[in-house]
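Down below is the structure, laid out as structure tokens.
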Amino acid sequence: MTDHRTAILLIHCPDREGIVHSVTGFLSSNGGNILYLDQHTDSTEKVFFMRVEWSLEGFIIPSDEIQGRFDECCGERYEMSYRLYFSDYVPKMAIFVSKMSHCLYDLLARYTAGEWKVNIPLIISNHPDMRRVADMFGIPYYEFSVNKDTREELAPKMLDLLRENGVDFLVLARYMQIVPDLLIDAFPNRIINIHHSFLPAFVGAKPYHAAYERGVKLIGATAHYVTSVLDAGPIIGQDIARISHKNTVDDLVRKGKDLEKIVLSHAVEKHLARKILVYKNKTIIFS
Amino acid sequence: MTDHRTAILLIHCPDREGIVHSVTGFLSSNGGNILYLDQHTDSTEKVFFMRVEWSLEGFIIPSDEIQGRFDECCGERYEMSYRLYFSDYVPKMAIFVSKMSHCLYDLLARYTAGEWKVNIPLIISNHPDMRRVADMFGIPYYEFSVNKDTREELAPKMLDLLRENGVDFLVLARYMQIVPDLLIDAFPNRIINIHHSFLPAFVGAKPYHAAYERGVKLIGATAHYVTSVLDAGPIIGQDIARISHKNTVDDLVRKGKDLEKIVLSHAVEKHLARKILVYKNKTIIFS
Amino acid sequence: MTDHRTAILLIHCPDREGIVHSVTGFLSSNGGNILYLDQHTDSTEKVFFMRVEWSLEGFIIPSDEIQGRFDECCGERYEMSYRLYFSDYVPKMAIFVSKMSHCLYDLLARYTAGEWKVNIPLIISNHPDMRRVADMFGIPYYEFSVNKDTREELAPKMLDLLRENGVDFLVLARYMQIVPDLLIDAFPNRIINIHHSFLPAFVGAKPYHAAYERGVKLIGATAHYVTSVLDAGPIIGQDIARISHKNTVDDLVRKGKDLEKIVLSHAVEKHLARKILVYKNKTIIFS
Amino acid sequence: MTDHRTAILLIHCPDREGIVHSVTGFLSSNGGNILYLDQHTDSTEKVFFMRVEWSLEGFIIPSDEIQGRFDECCGERYEMSYRLYFSDYVPKMAIFVSKMSHCLYDLLARYTAGEWKVNIPLIISNHPDMRRVADMFGIPYYEFSVNKDTREELAPKMLDLLRENGVDFLVLARYMQIVPDLLIDAFPNRIINIHHSFLPAFVGAKPYHAAYERGVKLIGATAHYVTSVLDAGPIIGQDIARISHKNTVDDLVRKGKDLEKIVLSHAVEKHLARKILVYKNKTIIFS
């Protein structure tokens, strides 16, 4: 909403008294006008979480010195884990896709409409089907013949391609292959997947079939960061839709698509806004 | 909505042509004015389901002969499983409760306000705590010292008590004990339970703790008929509420209570309205 | 779900006994296997509504004689208003758009993915902005310089264009001009609009600003058929999203887009499935 | 969640730099361990809002001196409007009711179960019907023969009664009379009403009838603070339920009751938790 350059800190550290006072003191005393501040204390884990965003207009510390100065003032003192972001950096996002287009269109429509501050240098797929869509939007499309036999062997090539393109994070837009550990390790908490169930119900393949069999009255979709345990990573967002006995598996698949694309895009939006902190396989989502 | 006496048929049978025509012919030709008709065909299972309600005012078949005459006309011909209900029969419902009052109050408030056409001859509990609430509403309260050792031994006594009171169906209003098979067999698809998760996620004990641990962004509640497999019976209704990282387990418990009581009461409402058909561990819920 | 040809009847008439029996008799006696039957009686208005779909495989009446034969059997007898549809007819839909792309992309993505049995022969706009999107999807784009002075004058030209293209119904995908009566009269209950509020709240321009001013905690979107009274036509579908004091008008606009596109596309889906009956400015939506 | 005594500040003031730093400094330097801190800046109005809660265990300023000391440190400097609350004060709530019991039961069930830290010294009604419920829960019931002729005349007597009972805030649990200005002025932003529509749609009497007439697909309920303009006060919370063409006005009334009671009770909960700030006819609801 603000047009000038801002900086964002996402912090977590052991809970102690005085943290907010120290951080706001660091900003105020250096001319930083705070635009956003939210904090959360997990009283069970005794951990403190904070997101603060301030204007760099009038802030007297040069951008490349902020980290060092913040470390001195607060970071070391409170044993903080933190990340510093600048609003004028435009992150690079790679999309992984298989045969279905609904999530892909939703991502690309927002991208093309300028809703998000992001670049999409490439789309990767294990099938040729979505090349047509990539071409429509003018985005390079790379096909890898991934299956369970070739997965590990192709991983280094994929990683090279991602690195050459300076990719910051991956979005799996109904990509129907397991992600190799090599990629997961290279992008920790930076691979966003959409799973077509309200996790932890219906982990794994064919969740709509399983939902139909069980006779549930709600279906769901879950966006989460990918970890090495299938469908078990930190949950970013979930939503549901009502179904009835009249709905076939095909109806569930069709209704589910609308859930999937919206839940995935909202997760990407939160990620881009630097509003997600991951701690011990859970997310803190700042509002 | 109608004040005069009506009859309701809940039917399922193998799908064949002409069923609706035959049933409506039976009613029309005997002076039955149809007030409600809904049908569903499960095209996978090739099974036909129907609910029809008609006014008995002007219907020329005496009530005690309807079943015989319907058998001749339709029941045998189409190999129907069906049940016939009359709107002036007031069913008797037993409530089972443990220590929590929220579902109990919700059921009794609707009962006392005359929202439902039902009688509640008794409340059964494994704890003394809710006697106070039963007394406020003037309903007999029976305490059984149920635990995993005494469960089977006490089951026949419970069943006797239910039978003496002419109970038609049971509602488990956060009753925290496993129901013995003796009762399940005596009340097939007539024991309604509320489980405090969106099944099939978080089966069993302490679902809110499990939900908290997993870091879900939605919690749920599920009303279902009790079968001999724990939390695996036919689902009647489900609903969810949004939660965030700010919510403790206590918050989940508190938010969940509102879900539980509404989902349970809605299930009871559907049951009383004869709008639920069970087939192969799933429900058809007529609207 | 069925691949062979089907026929659909959407019927309303004064409520009388025996209608379902007569209609099902007509179908059964002519070899029509019923795939879907739903009915509704408005007991206040004393009007009967019905949707029935049957397979034409084995149906002994030729398609072009069904209407005549149905009139003889049922239509005249019960004073029915009805429409007969065939599943192999692919309707033609025109999209009207102004400057925003979100609804347009959502419609075209479903269309291109083959989700809907529809043709889109043209897109009409009062601005040049969306030509780019039309071109991506290869759909002819016509720009009319519509404003409140030219609206009436341009209406006949628009109507000619729609007729030349054999258009069956119109979808206003955030088209920000009032539709002239000439078009409304030519397409009665066949112009679907998306309004960016939960009608009847916030009729007219700038509903998100009005919602922000009022301090509501929910925003909504409403799909409805266009009539000559602004934002007052029969409502097809509505949905809402939660907002908070943290949300600016821009946030409301952004969140609203996701509501708008989904609610609009679902309305188009129901329309295409011949599941909507309009009666006295209200809709019956079959499930 | 904490058992020891806490203090809460609800603050708003013109937005300036350094406010968070000053407030947290005041607390830290006096030994106050912050348990909750949330803030919001309305960038349009240039107003800053804050809620902070801290433990009084170890806080070195005596409770009766906190206000003075805070004024010196922060209040005057930043031209703050603020309120100071202590967690051990149990507020007194009066319930106003007419003939319907659903909201009343929901409030009293939570009260009796000890969910809320509140006292309910009396129930006031314009009808005798709910005396029975008041008696069940052992709460004094006062009947005033309020109608539009007697309303103003009875207002001073009501106010006296409320004052004698030390009432802090009022909850209108479907009280069907207009509240006289005398009471509104005596309890500014301390009278919570539940209106049975999603405001601003269907202001005034018989909203369910109006919703039925308009053919909406959603009904709603809105909790708000009462001001002298009917149904136009600051909105606290809203929720909706889906309806269909099958639903009669009676169905809407019945479904609406579940919305009303939950929305009202959640609003009371937020009020009791000191999580609501009112500014210019809107609410800031802290999470």
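Each chain gets a letter, A, B, C and D, in the order it is written, and its residues are counted from 1.
As a convention for this text, a residue touches a chain if its C-beta (ideal position, glycine included) is under 8 Å from a C-beta of that chain, and two chains touch if they have at least 3 such contacts.
Everything quoted here is computed from the prediction, not taken from an experiment.
Chemist: Any chains in contact with both chain C and chain D?
Modeler: The common neighbours are A, B.
Chemist: Could you work out which pair in A-C, C-D or B-C copies the interface of B-D, where over half of the contact pairs coincide by residue number?
Modeler: A-C
Chemist: Let me spell it out: compute each chain's centre from its C-alpha atoms, then which one is farthest from chain A's centre?
Modeler: B
Chemist: Taking each chain's centre as its mean C-alpha position, how far apart are chain A and chain D in Å?
Modeler: 37
Chemist: Approximately how many whole Å separate the CA-defined centres of chain A and chain B?
Modeler: Centre separation, chain A to chain B: 42 Å.
Chemist: Which residue numbers or ranges of chain D touch two or more of the other chains?
Modeler: Expected reply: 1, 43, 244, 246, 248, 287.
Chemist: Using the touch definition up top, name the residues of chain A that touch chain D in the complex.
Modeler: These residues of chain A touch chain D: 1, 17-18, 20-21, 24-25, 28, 33-39, 41, 43, 287.
Chemist: Quick check on the complex: what are the chain B residues that touch chain A?
Modeler: Those residues of chain B that touch chain A are 40, 42-44, 198-202, 214-218, 220, 234-240, 244-246, 248, 281-285.
Chemist: Contact residues on chain B for chain D in the complex?
Modeler: For this pair, the touching residues of chain B are 1, 101-102, 105-106, 109-110, 112-113, 115, 136-137, 244, 246, 248, 250, 254, 258, 262, 265-266, 287.
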